[in-house]
Amino acid sequence: MTATIDTLPDVLSPVRFHQVGKTFGTGRKSVVALDGVDLEVEPGEFVCLLGASGCGKTTLLNLVAGLDHPTAGRIELNSSRPAVVFQEAALMPWLTAAGNVELPLRMAGVPKAQRRAKAAELLELVRLAGLGDKRPHELSGGMRQRVALARALASTTDSTGDAGDKPSLLLMDEPFSALDAITRDVLQGELLRIWRATGTAILFVTHDVREAVRLGQRVVLLSSRPGRVVQQWDVEDAPDAAAVTDEINTALRKVISSHAA
Amino acid sequence: MPLDVQEGSVEAGLDALDTPVDTTEGSRVRRIAARVLPPIGAVVVLVAIWQALWAAAFWPEFKLPAPAAVWSQIWQLVTSGDIAELFWVSVHRAVIGFAISLLIAVPLGLAIANLTVVRRGIGPLVSGLQSLPSVAWVPAAILWFGLNDRAIYWVVLLGAVPSIANGLVSGLDQVPPILPRVGKALGAGRFGGIRYILLPAALPGFLGGLKQGWAFSWRSLMAAELIATSPELGEGLGQYLHNGMSLSDISMVFAGIVLIFVVGVGIELLVFRPLENTVLKARGLGPAR
Amino acid sequence: SRAGGSDDTAAASSDKGPATELRLGYFPNVTHAAALVGLGKGLFTKDLGSTKLVPTKFNAGPEEVGALLGGSLDAGFIGSGPAINAYAKSNGEAVRLIAGATSGGAQLVVKPTITKPEDLIGKTVVTPQLGNTQDVSLKKWLAGKNLTGKVKVTNLENAQTLDAFKKGDVDAAWLPEPWSSRLVLDAGAKVLVDEASLWPDGKFPTTVLIVRTQFLQEHPETVKALLSGLLAAIDYSSANTADAKAVVNDQLKQATGKALKPAVIDRAFKNIQITADPIASTFPQLAKDQVTAGIAKQAPVVAGFADLGPLNDVLSKAGKPTVDAAGLDSK
Amino acid sequence: MPLDVQEGSVEAGLDALDTPVDTTEGSRVRRIAARVLPPIGAVVVLVAIWQALWAAAFWPEFKLPAPAAVWSQIWQLVTSGDIAELFWVSVHRAVIGFAISLLIAVPLGLAIANLTVVRRGIGPLVSGLQSLPSVAWVPAAILWFGLNDRAIYWVVLLGAVPSIANGLVSGLDQVPPILPRVGKALGAGRFGGIRYILLPAALPGFLGGLKQGWAFSWRSLMAAELIATSPELGEGLGQYLHNGMSLSDISMVFAGIVLIFVVGVGIELLVFRPLENTVLKARGLGPAR
Amino acid sequence: MTATIDTLPDVLSPVRFHQVGKTFGTGRKSVVALDGVDLEVEPGEFVCLLGASGCGKTTLLNLVAGLDHPTAGRIELNSSRPAVVFQEAALMPWLTAAGNVELPLRMAGVPKAQRRAKAAELLELVRLAGLGDKRPHELSGGMRQRVALARALASTTDSTGDAGDKPSLLLMDEPFSALDAITRDVLQGELLRIWRATGTAILFVTHDVREAVRLGQRVVLLSSRPGRVVQQWDVEDAPDAAAVTDEINTALRKVISSHAA
């Protein structure tokens, strides 16, 4: 892996994994969540991460976000602070929906009026206009997930200032899992629009293969226990989406059943 | 018979407690009544038991004074206007002492909760301080500061600071770890994480600590007042109780205890209860579950 | 710094003229009658002139000592036991004995069923405070009767002692006036020992006046004014005993809200002697008694405790006999 | 230069505190050392400051005794073996008092937290009780029970019960409402819901309450011992401190305070700290965040 | 609605809604979550509930479970205590995975050995064999959801004893939303097997129309704000699953866009 420095590309990748491993605990009870993962996200690339439940997708995202540290290998992070949509909504219970969306802006020191406007705009985007003053416990599961999405978007938009010319990065952990098909459609469209407009790189975890194929430029499949990169598909240039979907599904089935065996 | 959930389910009794009281137009009075009547009822019951015990002459008068005798002591304070001074002297001291304690205890608690070295080094000492009775400090405080307010505040600080700091620490320890992680991911630095995530998240536990801290500072103040008596210090509730003790006037002792108690309950009902209700309600944690 | 070793409190200060304020400690007790009369009749203020008198009430010796050592009090009427402790525990630095106030006035009162010292075996005897004048006296007396360890000695606040005695929790108590009288008259106690019978001429210091060393050095005028006020109070008490009783009772009522019964105050007054003589000669004995009583490991050093110069100045100015320091005034 | 998260990120300092200490084979000794050394270090620093203050003769000896003098007082207790009695008398009383308090406080806390009427009626009274200083109860307790252990336990109960009950209530109030709902859906009746859901869910907050309750009972005990002295009661730490005060012996007072403090810290470190760590760790709440 | 008593069928429905309404809060800030809902679940029936995010599905389930009370109308519940899979996993954080599954059995007084065996069996069923001693915070999102599922199944199986002949009822709120396609397939199959074997009625909330059509006998579509039953499809006897799926999708789209308008 010493060769990385020589082959440094002109534009730096937002994130690059070098044989990254992550083990939880020690001794007999330890769990190897990730093992020897090599992964690179190009600037502005939309990468979808697929894998069985419990294979290490969330762990991988946490490593990128700097919320956890690899027990082996090395992560090269070259983006501004990544924005994260967590798997659980994890809203702050003492803040309203709008307050939650404003939180990253507040911490970045954005003035109040601007914050307000931005939060309203983002809530509108996730189809929650007018519900800004609700508390998390007054929202439905899907609504909470959408607030969390809006919050993550708020945290990317603010980071343009301080990050300078570094590429930005958005990490999303099953952000649409609790949404009905129609809302999901709309938000997928919005996400693509934002992606194209901002040129941010996105690392997107999902269980829905069709969603992965629809959204991503590249689909990465992780194996289970330990999580390893098994296969990758370039789905943007694929001529037949349905065929790729089937192919990925088959691969996924193989990965999971090989583990179960 | 079909089980009608709304009316007849087994848990209806329990559930009735869950259901938030509907706040219709005219119910303001009733809501306040529902809040004020039960403690008054409890007090009435207590006094009735007391009166009965007294009437039964179960204990001699010098052990258990008549409620009426205690009441007349208090009434005398009220009519003479002395009660205003008693309250003022004690309450303003307690409030000042509590405020200073807050200023010291919050940074201390944050340091203990966030820095492992401080937690391991200072944490046990702070808890140890908490287990020192205030009375133990009074003589030393008088020796160091003289018979004045500084000595009293010193005793109050030593009582309240460890309690508030510990309350804050235990509040912080119970914050779901996902929240600070989210905060970090949203760009919270060290200070922002404390200001915007940890402190508000720990608020319910911290409020409990504050309540305990208030209790400690009020207790410590009373202990200090009980022991340090001097005309320069003005006469507070503690001194009043002290006089009752030195006169072995049991009805005065009871009057003193009742007054100290009234302030305790009053502050609880007027300050901490509403604060706590607001905080808990805003996060969907009900006080009555 | 500590390395110097000399007692800087004693060395540093010199006369600074009359003080602006004199903070005086006392107990609302009959044994502090001189203080109560002086306060009640305004006799202290008369002599102090421009110096403001701030009287402060205490209930126990150690607290008053604490206030003195903490600098919150300039002078105080106090029992001889705590006075010795204050001097000894501050390595002879902090306070000086400048006058007496009361002699006598302490009795061992017991339940009527107890008629001789041996009857106390297995019983509970109360004194007001560990190491106070009566506590030392009792323990010394017990040691003399070979009763140490056979009698339970407990410390209890005087007011509580009365209740506990009434209740039967307590069988005997060595108390100062007016409490011994209250136990006799209100609770039916009998006198087993009058402490006066244990001392030569029946004289022993119950209450004395001590002052902070620094204050004494800085404001000798003020101290003398205080002493002349004290003498005036003592004179008044012996001249108008009935009125003095009334004044004392009035002061007690003011200080504590309750007056004593006339019978109690009469009996109490009979047992005390109000005098400015600290009976300095007894102090070495009192110090030794602390060891006998098991309060101290070795007798506290009392040499240098007394400074009776100001008192004798005032006495001789008034044409009265001076008192004897009995060697207590030099180390 | 690429930002290496593992080595050079801005938050690395903060993160280092987050990372659980890896427990490799030989690290047991080091782990215990990491736990024991910081408080010892803190104590050493404190004593050093004390010694420096004393050496500077900032205050006269009778205000601030030499550390050596205090140490010799304690050492004397150790060599004479008296210290064992002091500890035994006080600690066993405190433990018994605390145990009785627990038995009373837990049902009381449950009733307050679960029944609106009780909460409104008794809740403020319990909080009010908490703000009454223990010393205020001592004279009354002696009057009622006589000079014996019952009076002392009464004072301890009045100090500890409200504190433990309040701790439990505030722990229960902070239970996420989803958990009792889930419990109900899983078939928890009233009792099962308390036993299997509410109590364990409130445990972290409750432990905080227990710690405060212990502090209260220890303080109350010391206050009671300070005031109620009698050979029948045996000599505890409070009485030892009391004797020091009576004799105006500042080094004895300090020795007493130090010993009371040592017990406070000891119980905290030996009992509550491990308990709390176990409970928090089991739910993924870290003590050091 | 007085006619209900007259037309009482031979076999009682586990649950029947009579013009049920649910409003949160009062005054201007009130939210009408459900309005005039009439719904009946037949004994042993598998009903799927569809609707936009925030339309009131969770609220409806809570009403059935007796965790909340209608503000209008009447719910006739005639089953043993319904078992519930909540939208959030809501595991007890102080218990291990196995402990969570055992919890309903413990509360029902099942002896320890039996409890152990049952929990192990159920964890195996949800493909979590061997992970029984993990704490909730050590599990991935999908694993937590599966533990919650196993727990709910444990709570149905125990209720056979005390409920006598009353029909049983299982309420499931998006139980498979966090699972990968393959695990979901397997668990759908298991669910159907259990349903057939026990004859329990199931009220199943999902966002995945194809899942609803695959699993359910009947699909109920709720509208948004207020939640009302808009349309129902009998999908068991439907000749062409794909056609029904399309039809439902269209209806769903219409409901959501009509609200948005």
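As written, the chain order gives the labels A, B, C, D and E, with residue 1 at the start of each chain.
Going forward, contacts are C-beta pairs under 8 Å (C-beta built on N, C-alpha and C of every residue); 3 or more make two chains touch, one makes a residue touch a chain.
Everything numeric here is computed off the predicted structure, so don't read it as measured data.
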**Report entry** Pair joined by more contacting C-beta pairs (D-E or C-D)
**Finding:** C-D
**Report entry** Most distant chain from chain E by Cα centroid
**Finding:** C
Query raised in the report: Taking each chain's centre as the mean of its CA atoms, how far is chain C from chain E in angstrom?
Result: 85
Query - Averaged-CA centre spacing for the pair chain B and chain A, given as whole angstrom - result: 47
**Report entry** Centre-to-centre distance between chain C and chain B (centres being mean Cα positions), rounded to whole Å
**Finding:** 41
Report summary line: Check: chain E positions touching at least 2 other chains come out as 66, 88, 137-138
Query raised in the report: Considering chain D alone, which of its residues make contact with at least two other chains?
Result: 11, 62-63, 139, 143, 177, 184, 189, 245, 250, 284
**Report entry** Contacts with 2+ other chains: residues of chain C
**Finding:** 62, 66, 69-70, 157, 160, 163
Query raised in the report: Which of the residues in chain D end up touching chain E in this complex?
Result: 178-179, 181-189, 192, 196-197, 200-201, 203, 279, 282-284
Requested in this report: Could you please specify the touching residues of chain C with respect to chain D in the complex?
Outcome: 1-4, 8-9, 62, 65-66, 69-70, 82, 85-86, 89-91, 93-94, 124, 129-132, 152-157, 160, 163-164, 167, 169, 295-296
Requested in this report: Please name which positions on chain B make contact with chain C in the complex.
Outcome: 62, 139, 142-148, 151, 227-232, 242-243, 245-249, 252
Report summary line: Listed in rising order, the residues of chain C that touch chain B in the complex are 28, 54-59, 62-63, 66-67, 69-73, 157, 159-160, 162-163, 166, 256-258
Report summary line: Touching chain B in the complex, chain D uses residues 10-11, 14, 17, 34-35, 37-39, 41-43, 46, 59, 62-63, 113-117, 119-125, 127-137, 139-140, 143-144, 163, 166-167, 170, 172-177, 180, 184, 189-190, 198, 204-205, 207-209, 211-212, 214-215, 218-220, 222-223, 226-227, 238, 241, 245, 250, 253-254, 256-257, 260-265, 267-269, 272-273, 276, 280, 284-289
